[in-house]
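Paired with chain B in one complex and with chain C in the other, chain A is shared by the two complexes that follow.
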Partner chain A sequence: MKIKLKSLLKRSLSFTGKKRLIKVGQTPLEKHPLSASLEQNLTELQKIFDLCADVVFRKFTLNCEPPINAVAVFADTLIDVKSGSETILKVIMQETTSLPENVRITKSNAIQILNERLLTAMNTKITRDFLELADFVLTGRVAIVIDGSSSVLTCYVGGSPGRIIEEPITEPVVRGPRDGFVEDYKINLSLIRRRIKSSRLKVELLEVGAISKTVVALCYIKGIVEDSLIEEVKTRINRIRMDVVNGSGTIEEMITDQPLSLFPLVEYTERPDKVAGSLAEGKVAIFVDNTPMTLIAPTTFISLLQASEDYDNAFIYASFVRLIRVVSLHIALLLPAITVAIMTFHQEIIPDKLMGVVLTSRKELPFPIVVEVLFMEMFFEILREAGVRLPRTIGQSVSIVGGLVIGQASVNAGFVGYIAVIVVALTAVASFAIPNYAAGTAIRILRFGLIILASIMGGVGIMMGLMFILFYLCGVRSFGVPYLSPIAPLIPRDLKDTFIRVPWWAMLTRPTFTGTKELVRMDTNQGSTKPNKGKE
Partner chain B sequence: MEQKEKISGTQVSMLLFVVVTSTIIIYVPSFTASEAKESAWLAASIIPFAFGCLTLWVVYKLGSSFPTLTIFQSCEVIMGKFLGKSLGLTYVVFLLFMDVLVLREFSDFLNVTTLPLTPRIWLLTGIVVLATYGAYQGLEVIARAVQFILGIYLLGFTIVVLFALTNFEVGRLLPVMEDGLVPIIRGSIAPASWYGEICLLSVLFPFVKKPAELKKKGLIVLIAIALFVTIDVVMTLGVLGAGLTSAYTLSFWTLTRSIEIGEVAQRLESFLLVIWISGIIIKAAVLNNLICLGITQVFGRKTNVVLGIVAFLELFISANLGNVLLVNVILSSYWPPVGIVFELVIPTFLLVIRGVRDKFSSKVRGA
Partner chain C sequence: MEQKAKKLRLFIRIGMPFIILQMLCIGCWDQKHTRDLVIITVLGFDRITDEDGVDKWQVSSFVMQSGKAEAAGGGGGNGTSEVKPELVWRGKGLTISEAILDFTKRSPRVPFFADTSSVIIGERAAKEGLLPIIDYLNRLREYRPGAFVMICKGKASLLFEAEPEVSISVSRDLRELARNTSGSSGIARGVKLMDFTADLLSTDRDPVAPEIRLINPKEKRGEELAGPPKAVLVEGIGIFKDAKLVGWLDKEDAIGYNLLTAKINEGAITIQVKKDGKWFTYLVERSTPSLKVTLIDDKLNIKVGIEVKGRIIEDDGADLAPSEIDQIEHAISEQIGQMVMHAIETVRGDESDCLGFSEELHRYSPKDWKKVKAHWRETFLNANVDVQVNAAVENTGRLGQMLELQK
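Here is the complex of A and B:
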C-alpha cells in the first residue's frame, strides 16, 4: 500500500520515474580529447563557452626560445585574480630565465616544466579532455592551454571571497563555540577537521545535479560508523538524478526513508560542534555546497529535542532544560486541544472556583471555544509567517499592529475570550522552546488536527490522535534506525542521553542504535574523586 | 501475512501486560465483588494467577515443540488438514469475538461515562480505523508503541491509586472469606479467563527472538498482572465498599471520580480515561493483527484485503451486538467459560494429542 501510494503520487505529478532528464535545446557535452593544435583547442573551447561572459581567454607567450603561444582560460568571477596573476602569469612570463641552463622549454615538455619547476600554485591537475577541462574551469581553476601539447595544466589559485564565519543565526547558544557554517563547503569541512584532527575522519566527495554539479561531501569517522550506513547514504545520494540541486533541503527530501513524512527524518544544523558531536556518535554528516545547513543522519526523535549547548552546560541544569523542553513540546502539541476538550466535554475537571472565573469570562462570547482557538491559532501562524518574511525593520511594526492592536481589540470587542488568547500565547511560546525548527513545524501542523479531534470527541479524540501519531512514529525509521529509539524499542543503556544528560564521566558508551562497532567512549572511574582519596 | 519481524522477550511481556490489564482494570472489581463480596481481591488474584500459570505452561510447551509455527499452523500439523484448519478457524473466530468485545468495552464505556451523545458507530469506527492502522504497521511497531506508553500507563495508575488512598479504609475489606471458598471460586472464573489471555503467546511465539526467555518473563508478567489487579480490586473495595463495587459496573472509574485533592485536582476520571484508552487501543491493534495473521495462515490470502475484511467484520458485529447490558452479561457470564475453553482446554488437548502421537509413532518406529 505504501508503494502504491507513492506511485500514485508520482503519476499524479506526471512523473513516471522512467524518463531520464532531457536537456532541451542543448546537446550534452561529451568526452572528447584535446588536439595538439592551440588554434583547434581554442575554437573548441570558445564554442563550449559561447556567450559565457564570465569566462576569460587570456593569450600570452612563454618566455623561451622559440616563443610558445599559450592561453589561460578561467572564470574571473570564481578565482582570486590577484593571486592568479602572481602564481601563474608572473612566473611564466617573467621568471622562466631562472631555470637552470640545461633545461630548455620545448612544445612537448612545456606542461611538465611548468608543473614541476615554475608554477607556485599549491594545487595543480593535468587533463587531456574537454569535458573535464570545462568542469575544471567552472569550478574555479585556471586552465593553461599550450600550443603543441594535447594536455592542459589546471591550477587552483583561491576562490572568490564568500561570507565570513559568523555566529549561527538559527541556533544561538549562551555557552559554546560561536562559529557557524557558511556557504562554502570547503570552509565548513575545515571547521570539522579543526575539531577532529584524525585521519579516521573521512571525507568523500560526490556530485549531484546534472546542470548544477553541486558538491556533496560525506563525512564520517571510520571505525565508529557502521559501514552499511555509509553505503546506504552513498547509494541514496547517487540515486538522485535531477538538474539543479539548490540546497540541503532537496537532498534531504530525496534521501529520506519515508516519502511523505511530516517529521524530519534527517536533521540539519549550522553548528560545527553539533556535527562533530554527531560524528563521534557514529552518525554521518552530509555537507552540501552553497548552503550552511548541514545534514546529519540517522536522526531520532529525541535528538530533535537536544541542543548542542546541553553538552556544555552543567549536567543537572542540562537535564532540567531538557525536561522543560519535553514539557513545552507537550504544551505546544496539546494545550489548545486539551483546552477545547475540557471546555466542551469535560467541564467537571475544572475546580469550582476556576469554573466561576471561566464562566464570567465566557458568558457573552459569540463563538464556541474551538472556533476561538482555531481562529487565534491561524492568526498567530499568519503573524509568525509575516514576521519571518518581512525585512526586520517592518517586521517589528507587523508584530505591534498584529499582536498588540488586533489581539487586544478582538478581546475588547468581545470576539475572542481571554482564555483562548492565553492558551494560544502559551502554546506559541512553548513551540519556540523546541530547538529543532523542522520538528517545531511538524508539531504545529499536528496541533490543528488535534484541536479538531478534540472538538469532535473530547479527550477521547485527543487520545486517538495521539495513538495514531504514536503508531506512525513507531513505524518510521531513519536510515534503518527506529525513530523513537532508545525509548521504543527500549535500550536502557542509551537512556543516559535522552530526557536527561548524565555527567560526562558517566557517558561511558556511544549510543547503540547507530552501531556497536566501537562502543566504549572513555575509561571508567574518571568521576571526580575527593582529594584525600586521590592521595592514597 | 508474511511476517518476518521479530520482537524481544521483554517487548512481548510488556505487550501481554497491557493487553491483559487494559480490560481488567475497569471490569474486574465489580465482577468479582458481585460474587465474592469483601473477598473479591482474593478471587481476583490467587486462582486466576494459578490458572494463568497453567495456561502459560501449556502454551509454552506447545510453542516450544513447534517454535516456528503459530497455533493456527500447529493445529494443522497435529490434527491433519481438515480438522486442523477448522480448529484454526475457530481460533480466529474466538480472537475476532475477543476483539469485538474489546471494541464494545471501549464504546460502551465512553457512551456511559463521557460521551453520552456521540453515536456508538462513530466511536467504533474511530477505534477500528486506529486498530487497523496499528495492525497494518505490524507487530514490531505495536510492540514499540507499548514500550512507549507502558511508563505513562503505570504512572497514571499509580497516581490514581495514590490519590485514592485518602479515602481508603481497611475496614471495608473485612470480613475475609465470610462465606467460605465457593463464592471466591465462582468469582474468579471471569478474571481467570482474562489472565488466560496470556494464551496469545501461542500466536506470538514464532516472532519472539529468544523463545527460551518466555518461561521466566511470562511468569514475571503474570506476577505483575496479579499485583496490578490485586491493587486495583483492593483499592476499589477499600474506597467504595463491596456493595457499591458490585453495584457499579465500572467501579474503578467511579473510584477515580471520588478523588479530590484540595481545590486543585478533582474528578480525575478523564485522566484514567486517557491511560485506559491507550491500553485498549493497543489491545485492539494486537488482536486485529493476530486475526489477520490467523486468516492469512488458514486461508492463504493477501494482507491488505484481509485487513479490510477484518475491519469491516469487527465494525459490523460490534455495532449489532445489542445494548450495554447485554454486553455486560456476555462479559461476566458467557465469555469466561468460552475463554477458558480456548485458552486452556484446547491447547492442552493439542498437547496431549501430540504427546500420544509421538509415543505411538516412536513405538511403531521401535518395533
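Here is the complex of A and C:
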C-alpha cells in the first residue's frame, strides 16, 4: 500500500522515467580528429556551427612564400574583437616579415611558428579534435585553422565586457569593502585571489550541464579544509546530470543534504570578503559561471545570523548587533503566534492596563484575532513580493499605497484591529533584520505554521511547533557538519563567533568542524598592549 | 548503535502517543476570545440580611467596560469626564457563586477574574465569613495572588458608588493607593491576597488589611464640584484575630505599625514633633526595625529597635542650632516610640498578634515556641515590650540663613 502510494506520487510528479539523460542533437562523444585539409576541416566546422549566426569564419592568407590559406573561427559575441584583430590577424598578416632569415613558414611548422614567434596573445592552446575545438570557440577563443595542419591553434583574446564590479545590492554594508561578485566567474575568482595571495588557494574547474556546459569553480585553501569535504563536494557536483544549469540555485538544490529542507543548508553570498572569510574558516566556495551568487558549504544555522560587516565593526558593537539579530529572529518567528495564543487562550497574562486597550480595540471587530493576523501577514507578504518584483521607482508607491492607505484604512474601517497591525509591522521589521535572505524566508513560512498551531492549541501549540523545529534542526547536517553546531553539539571554544563576536585578537582558532586540520589561526597574546610593553 | 536505535524506536512507539495525547488537553474548544469575557476588576463582599430575613452574600463588582476606557484615558484628554469606564454590577445569593452568577447572568459572556486587582470585604462579612471569601478567591481558576485585600467600615457595596479621582478608573485608583500608601504617607499598608492568606492560615500570626473609605471631596471649581462627588481613600488598617475582624488601627497607629514591621527606603512619611511650643516636621527617609523576642520564665520579652534616619523639612520659624539637634532627635525618638507603643497597645487590646512577635519567636527559638504554643495569645498579651527608637536628623534642611524679612 505504502509503496504503491509512493510510486503513484512519484509518477504523478514525473519523478520516474529513463534514468539517463538523453542528449538530443549532440555531436557524438567519441574522438573526432581534424584532417590535414583546410577544405575538409572547414566543411566539418560549418556543419557543427550550422545556423550559429554568432560564429564567424574569417579567411585569410599567411604572408609567406608560398602563401598558406587559413581561417580564423570565433564567436564574435564572446571575444574582444578589437584585441583579437590586433593580437592575431595583424601579426599574422603583416609582421611575418620580421621573422629571422633562417625561419621559413611552411604548412607543417606554421602552427608552431605562429604560437612561438608571432602571436602576442597570452593564452594559447593547441587541439587536434573537433569537439574540443567547438568547445574552445564557444568559450570565447579564436581558433586558427591552417591549411595542411591537422592541429588547430586557439587563443584567448579577452572576453566581451560584462557588468562592472559594483556594490552588492542584496548585502550592503556600512563599513567594509564595496566590491561584489559579477556574473563572470573569472572576475569573481580574481576578487578572491586578490584577497588570498597564496598558492594554497586552490581553484578547481568543473563542468556541469550537458548543453549549457556551465563552469563551476571549486575554491578552497589547501591544508585548512578537510580533504573529505572537497571530495564530498566534488562527488556531489559531478553527480549532477542535467542539460542546462542556470545558476547557483540549481547547484544548491542538487547538492544539498536534505532535499526538502526549509532552512538553507548551503549558503550563498555576493560578497567576496564573506567568501574569503569562509575559506579561511575551512569552508569551500563554489563559483558558478553567470551568477554573482557564490555558494558556501558547509553552512550552520549560526552563520545565517552573521553578516560580513560584523568582522569590520568594533567587536562590542558587532556583538550587540548579533544579540539584536537573535532577538529579532525570535520576534519574527514567534510574535504573531504568541499574540494569537494570548488573545485566544491565555488572557490572564495581559496586564490589566493593557486589557482595557485590548478590550476596546477588539470589541467591534468582525474576525477573530487569528484571522486578522493571518490576513495581515498574508497582506504583508503580498506587499513585499510586489515591492521586490516591481521596478524600484514604482516600488515606493506600492509601499505607500499598501502600508499607509490599506493598513490605516483597514483599521479605521474596522476590518482589523490595531494590535494585528502593530504585531505584523513589528514582525516584518524584525524579519528584515536577519541578514540571510534564505533564512528569512524559512522563518516567514514557519511563522504561518506557528500562527495556526497557536490558534488551535495556544501556548502548547507554539511549544509543540518549536519542539519539532528544534528536533529537525538538531538532526540536519550540512556536508557532515551538524546544523546547530557549535550550540548542539556544544563546543564552547567555537561560541566566540556565535551570539557575540569576540575581538580579533581572541579569535585564536577556526571553527572545529571545518578547521581542525589547522586549528590555530594566530599567535596568542596579541591583544592591545601599552607602548612600553612588548619591547623585549 | 543497534541498541540505541531500538531504544529510540521504543520511545517513539510508547512516548510519542503520550505526548500527542497530552496535546489533546488543550485545543480549539478551549478558545475564549477577549470580547467574550466579563472582566471583573474589583470585587466587594458583604453579608446582608435580605428582605425575607435570610442571611445572604452580596457581591458587588466593577466590570471593565470596553469602549469607554479608551475614551477616558487613551483619547488624549478630550474632556470626557462623564464617561464611567466601569460598570457596577451587584448580585446576592446564598453562596458567593450564586451571588456572582446573579449579576454575570446579565451578560452572555464569561466572568473573568484574572484582572481582579482589589477585593473589598465589608465589615460584617469580615466578622462573620472571612474564610469562605478567602477560600473562594484562592480557588478561582484565574486566581490572582497579587490582588489587594481591603476592609471597609460598614458595607462594601457603598464603595462602588465612588468615581475615579486620580486614575481613569476606581479599580486603578484602589490598586495604586493600596500599593503605594505604605511608602508615600504610611497611613496604610497594601496587603496582597497571597500574604493575607498565608498570615490567615499561619499558626503564629494574624493578618491585617488596609482600610478603605469613601470620601466626599468638597473642593469646588466655581459652582460645581471640582472632582467626583465620591472617591475612595485608603487609610488605616483593619486587624484580625482568628479570621475575624476585631479592630482598627487609625492613621497614627498605622504609621507606627508600618515603622514597626517594615523597612522603609523611600522618604515620604512625615512625623510632627512639638518642641518648645513649636511644631517640627520630620521626614522619615530610611527606617529599619529590628525585633528580638525571647522567652524568659514563660514570659515573653520583646525588644523592638527602630533605626530612623531623616531630615527636618519644616521648623515653624525656629532656627535650629547644631547643639539643639540632639534634643530634637530625642524628641523625635520619643514621639515615634509613643506612636509605635500605642500601635502595639491597640493591637494587644484587640488580642491580635498581627505584628509578628510570636512568629519571630517561632522562627528563631522553636524550642521556646513549643512551650508557649498552646497558649501563645495569652503569652503575647502579657509580654514585656520595650521599644527603642533611635532617630537621627541627617539634615536640617536649612538654606543657609533662615528666610527673614529685613525691613
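Keep this in mind: the second predicted complex is superposed on the first by the 508 of 536 C-alpha atoms of A that agree within 3 Å, B and C clash if a C-alpha of one lies under 4 Å from a C-alpha of the other, contacts with A are read in each partner's own complex, and residues count from 1 in each chain.
Here, a contact is a pair of C-beta atoms (placed from the backbone, for glycine too) under 8 Å apart; a residue touches a chain by one contact, two chains touch by 3 or more.
Just so it is clear, the model here is predicted, and its values are computed rather than measured.
**Q** When the two structures are overlaid on chain A, which partner does A:323 contact: first (chain B), second (chain C), both, or neither?
**A** Touch status of A:323: no partner.
**Q** Could you look at A:488 and tell me whether it touches chain B, chain C, both or neither (first, second, both, neither)?
**A** Touch partner of A:488: chain B, not chain C.
**Q** Touching A:460 in the superposition: chain B (first), chain C (second), both, neither?
**A** After superposition on chain A, A:460 lies in contact with both partners, chain B and chain C.
**Q** Figure out whether A:471 sits in contact with chain B (first) or chain C (second), or with both, or with neither.
**A** Touch partner of A:471: chain B, not chain C.
**Q** Is A:347 touching the first partner chain B, the second partner chain C, both, or neither of them?
**A** second
**Q** By the touch definition above, which chain A residues appear in both interfaces, chain B in one complex and chain C in the other?
**A** Correct list for chain A: 345, 348, 352-353, 457-458, 460-461, 464.
**Q** Which stretch or stretches of chain A touch chain B in the complex?
**A** Its residues touching chain B are 1, 342, 345-346, 348-349, 351-353, 457-464, 466-468, 470-472, 474-475, 482, 484, 487-490.
**Q** Can you tell me which positions in chain B touch chain A when the two form their complex?
**A** Going by the criterion above, the answer is residues 8, 10-11, 110, 114-115, 118, 122-123, 126-127, 130, 133-134, 136-138, 141-149, 263-268, 270, 273-274, 277-278, 281, 285, 304.
**Q** Give every residue of chain A touching chain C within the complex, in rising order.
**A** So the residues of chain A in touch with chain C come to 343-345, 347-348, 350, 352-353, 355-365, 368-369, 455-458, 460-461, 464.
**Q** Can you name the residues of chain C that touch chain A in the complex?
**A** Listed in rising order, the residues of chain C that touch chain A are 23, 25-28, 30-35, 37, 39, 41, 64, 66-70, 73-74, 85, 112, 114-115, 117, 142, 169, 171-172.
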